[in-house]
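Common to both upcoming complexes is chain A, partnered first by chain B, then by chain C.
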Partner chain A sequence: MRPILLQGHERALTQIRYTKDGDILFSTAKDQVICAWFSANGERLGTYHGHQGALWTVDVDPTTTLLASGAADNTVRLWDVRTGKCIKVWDFNTAVKRVEFSEDGTQLLAVTEKRMGFLGTIVVLDIDPDVNAEQSDEKKLTITCDESKATVAGWSYLSKYIIAGHEDGSVSQYDAKNGEIIDNVQAHEPDMPVTDLQWAPDRTYLITSSKDKTAKVLSARNLEVLKTYVADTPLNTAAITPKKDFVILGGGQAAMDVTTTSSRQGKFEARFYHKVFEDEIGRVKGHFGPLNTIAVDPQGRGYASGGEDGYVRVHQFDQGYFDFLYEVEREQARK
Partner chain B sequence: QDRIEEDKERGAVVEERRRLLSEWLAWRERETEDLEDERRELGLDAGRGDVEKKEEAEEGKKVVE
Partner chain C sequence: MSKIANRPDWADDEEFDDPTALPPPTITTNKDGTKTKISYTFNDAGKKVKLTQRIRETVVREAVPPRVAARREWAKFGLEKGHPVGPSFDTTSVGENIIFRPSVTWKRDKQEGKDVKEGDGGVVPGGGIDTGSLKQQLKDKKVKCRICDGEHYTMKCPFKDTLAPDGVDGAVGGAAAGAEGVDGDAAGSKEGGLGTASGVYVPVHLRKGGAGATGEKMGGKYERDDLATLRVTNVSEMAEENDLREIFERFGRVTRVFLAKDRETGRAKGFAFISFQDRTDAAKACEKIDGYGFGHLILRVEFAKRAT
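Let's look at the complex of A and B:
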């Protein structure tokens, strides 16, 4: 699994997202520029300029027409993927930490930061998928998180629920139509923030990662914790692989002796676990700092990781990855 | 004697994995069915569901050949 190193960002990576066909990936970092790359060869396709603060989050719609981003400049921006033009700006009172398009691309959610005088919120915006359309200014729905601010959030299957991870380690389920809270579970250790939330392909279940050194798979329907993956380091990100029953976790604590290590290879690792059996099955080294974000190609061909070191590493899975099966899985396949 | 103990342990691990896998597959099957039902109720059969079904049907054909 020889990675392609994407050099273009000057600061720590914050999020990576693939297009639905997996051909392009978008990355954000604290350096205020969004980058688009070809996932096959790592060539930079373009950049999106306009934000006036660190970029925290990015997402692309299901048809690769519109790109959304959120930043420390208290705005959400909508971009024409093809031309790189900013076509809409929504202003908020605080930084925007996470954006995500709904499954059909007609809605966008934005998670806003808590700050003196402002509670954290999850805001829903209506999106017209037509790139030439006038987008609505209106914030269709605002969910206020008065218990504990949301750190991450996303849309379930059929855009039925909004599921959010919170600073206090809990996960909430909201009715996506009216914003009412349906359920809240303490999925992670109390006061250990949820750092990432990503979906299975059909969005009936999701994975969360936390500073409590675990990642969990939860049912979107009832927030039941189905699986737990235990790591030995605080986690910043977790993703579910299509095609194979794996999950990939990333994190790490910035080591004090980083400058004294002579090794040329970065020691920070992406960790592969078996989704069903919860065992760790492998690690991929390479980054020189904690992994902040991992994204998986929706077509299942590879994954990309973004580090505190400012690099994106794109990996294509090799045959060994696809062939790997537990004996009981072979047994099941023969049935 | 040690080998017998080892084999026993290995057997228990395999048995546990078998249970986890069948539980997971059963849960996935229920979820997939529930999702299909909800799609149908919402009149979304014409959407993604159909495309997937068509793909499945084509895959099915391949098997027959």
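Let's look at the complex of A and C:
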């Protein structure tokens, strides 16, 4: 496969998101601009201007009409995907590290940083899916994380739960209606922050990555750890591929250590593991720095990775990727 | 025939009228469905360049949901506002091809590859690594004499003069293995007995009862002596071998005159080789004839370079 290199950012990438159809991808970096790209040919559709600080996160609603972003300027902004206009700004006390639309696009959650005497929170906002509608200012729900701040969060199936990963390596489950904590499990090593949380296509299970060099698949219903993937480097991101039973992990040593190690041993590769058998089945090289974010095309045709080096690499899978099967899988298919 | 018919007559060449005129690009369709496009351009040095491209057109039909198709028509905005359709070169480029083939044994393969790499890393001065790898290769190999199976080299065997090496039967005997040295001691394996071990390919010339040890040399009866051969270039098209012989014979005995001729037209190609019996004569001829006017051209003579 020939990756497409996108050079729209001047600083390290922070998050990439595909639309539901997989035709457009959005990328954010620490340089205050969101870029929208066509995934098929790497053409840039446009850029979204308005944030005054490093962008940490972006998400697009299921109909590709609204785009939400969170940044270090303490705001969440809502954008018209088509024109690049900013529709709404919500102000917070601290930086916003993660936003995510619910499955139906009517709610948005935002994870705020713990800083300047404010505790980390998870805030739920109501969204009107109409572009021209007036969005409400009200914060429908605020979950305060008093033990350890949340670093990532997401909506489970039917927007029933909010699952959050914390700085102390634990994962907790909240009721999405009233914000009460239902469960909290120490999924990763203590004091190893959870760095990413992404969903399976049906949102019944999720994958978390952590600095403790592992990624885990958890059930959304009871937070049971279903699978563990062990890597040899701290992980920044993990994603589950549709169509094929794989997971993709990305990492590399911390950005501050990069200059002291050569890129050959730097482990700046996307690692593919088999989702069920937990075996590593291959790696894809290319970045000059640690991988900060990986996003998978919801249609399963490819994936994109963003690195500390400021590049986005968009990959379309070859036939060999789709043909790969374990012997037992082949036998099962024959029956 | 059609080829000749298509070839333009030099008299019709319009280049004389306008030196900057370029022939129009031609596109021909080949039998296998590809197209050949021939176009002409001037390069930076002002030279005319002919560019032949073979083009295969494939139509990839892709069905996308209507909403995706509609999004493709969206106008660009932000930094891209007003830019034409299609990826721009300053933001988008294509990376080198990556071969990604998922494999169950990926980790094991990688481990092995790493070992090999570490062993091979031959840039280290002094070849320390290289000897290391050789040692590694021979790690579990024991020295074994091919004569008596003892733990010493065959050449150091006390029975060397009295016994034939193991695995060589009487027919081939010591003649093949010992004297010719076709299987050096280093080979050190049972393949030593050429033509005896079944299943191993043995080249024809080494087979028992085959042709002699050395094959017949190609290239005819006499060997060309390159030391006394001159190469003459810029020879007139109308020249004959006899003319050249006349010119060169006055310097000494000429053993051979070869004038390259075009197979179809029978005309000289413009170069020739003259062999002298004596190298001093050749040197004299080279000195005198180089620059000599012959026909309407000036000959250029130099010693022929040995064909490699």
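Definition applied: the second predicted complex is superposed on the first by the 321 of 335 C-alpha atoms of A that agree within 3 Å, B and C clash if a C-alpha of one lies under 4 Å from a C-alpha of the other, contacts with A are read in each partner's own complex, and residues count from 1 in each chain.
Going forward, a residue touches a chain if its C-beta (ideal position, glycine included) is under 8 Å from a C-beta of that chain, and two chains touch if they have at least 3 such contacts.
Just so it is clear, the structure is predicted and the values come from calculations on it, not from any experiment.
**Student:** First (chain B), second (chain C), both or neither: which does A:V328 touch?
**Tutor:** first
**Student:** With both structures superposed, pick whichever of chain B and chain C touches the larger number of chain A residues.
**Tutor:** Between chain B and chain C, the winner on chain A residue contacts is C.
**Student:** Taking the superposition on A as described, I'd like to know which of chain B and chain C A:Y157 touches: first, second, both or neither.
**Tutor:** In the superposition, A:Y157 contacts chain B only.
**Student:** Report for A:T204: first if it touches chain B alone, second if chain C alone, otherwise both or neither.
**Tutor:** In the superposition, A:T204 contacts chain B only.
**Student:** With the two structures laid over each other on chain A, which partner does A:I4 touch: chain B (first), chain C (second), both, or neither?
**Tutor:** The second partner, chain C, only.
**Student:** Quick check for you: in the superposed arrangement, does A:H315 touch first (chain B), second (chain C), both or neither?
**Tutor:** The answer is second: A:H315 touches chain C but not chain B.
**Student:** Using the superposition on chain A described above, determine whether A:H49 touches chain B (first), chain C (second), both, or neither.
**Tutor:** Second partner only, chain C.
**Student:** Report for A:T144: first if it touches chain B alone, second if chain C alone, otherwise both or neither.
**Tutor:** In the superposition, A:T144 touches no partner, neither chain B nor chain C.
**Student:** Now for A:D21: first (chain B), second (chain C), both, or neither, which partner does it touch?
**Tutor:** In the superposition, A:D21 contacts chain C only.
**Student:** Can you give me the overlap between the chain B contact set and the chain C contact set on chain A?
**Tutor:** Correct list for chain A: 326.
**Student:** Using the touch definition from the top, list the residues of chain B that touch chain A in their complex.
**Tutor:** Interface residues on the chain B side: 14, 17-18, 20-22, 24-25, 27, 31-32, 34-35, 38-39, 42, 44.
**Student:** List the residues on chain A that touch chain B in their complex, please.
**Tutor:** Checking each residue of chain A against chain B gives 157-158, 160, 202, 204-205, 219, 221, 226, 276-277, 326-329, 331-332.
**Student:** Tell me, which parts of chain C touch chain A in their complex?
**Tutor:** 64-65, 67-68, 71-72, 74, 76-81, 85-88, 90-98, 100-104, 106-107
**Student:** Chain C touches which residues of chain A in the complex?
**Tutor:** That would be residues 1-8, 21, 23-24, 33, 37-38, 41-49, 64, 82-84, 246, 272, 279-286, 313, 315, 317-318, 320-321, 324, 326 of chain A.
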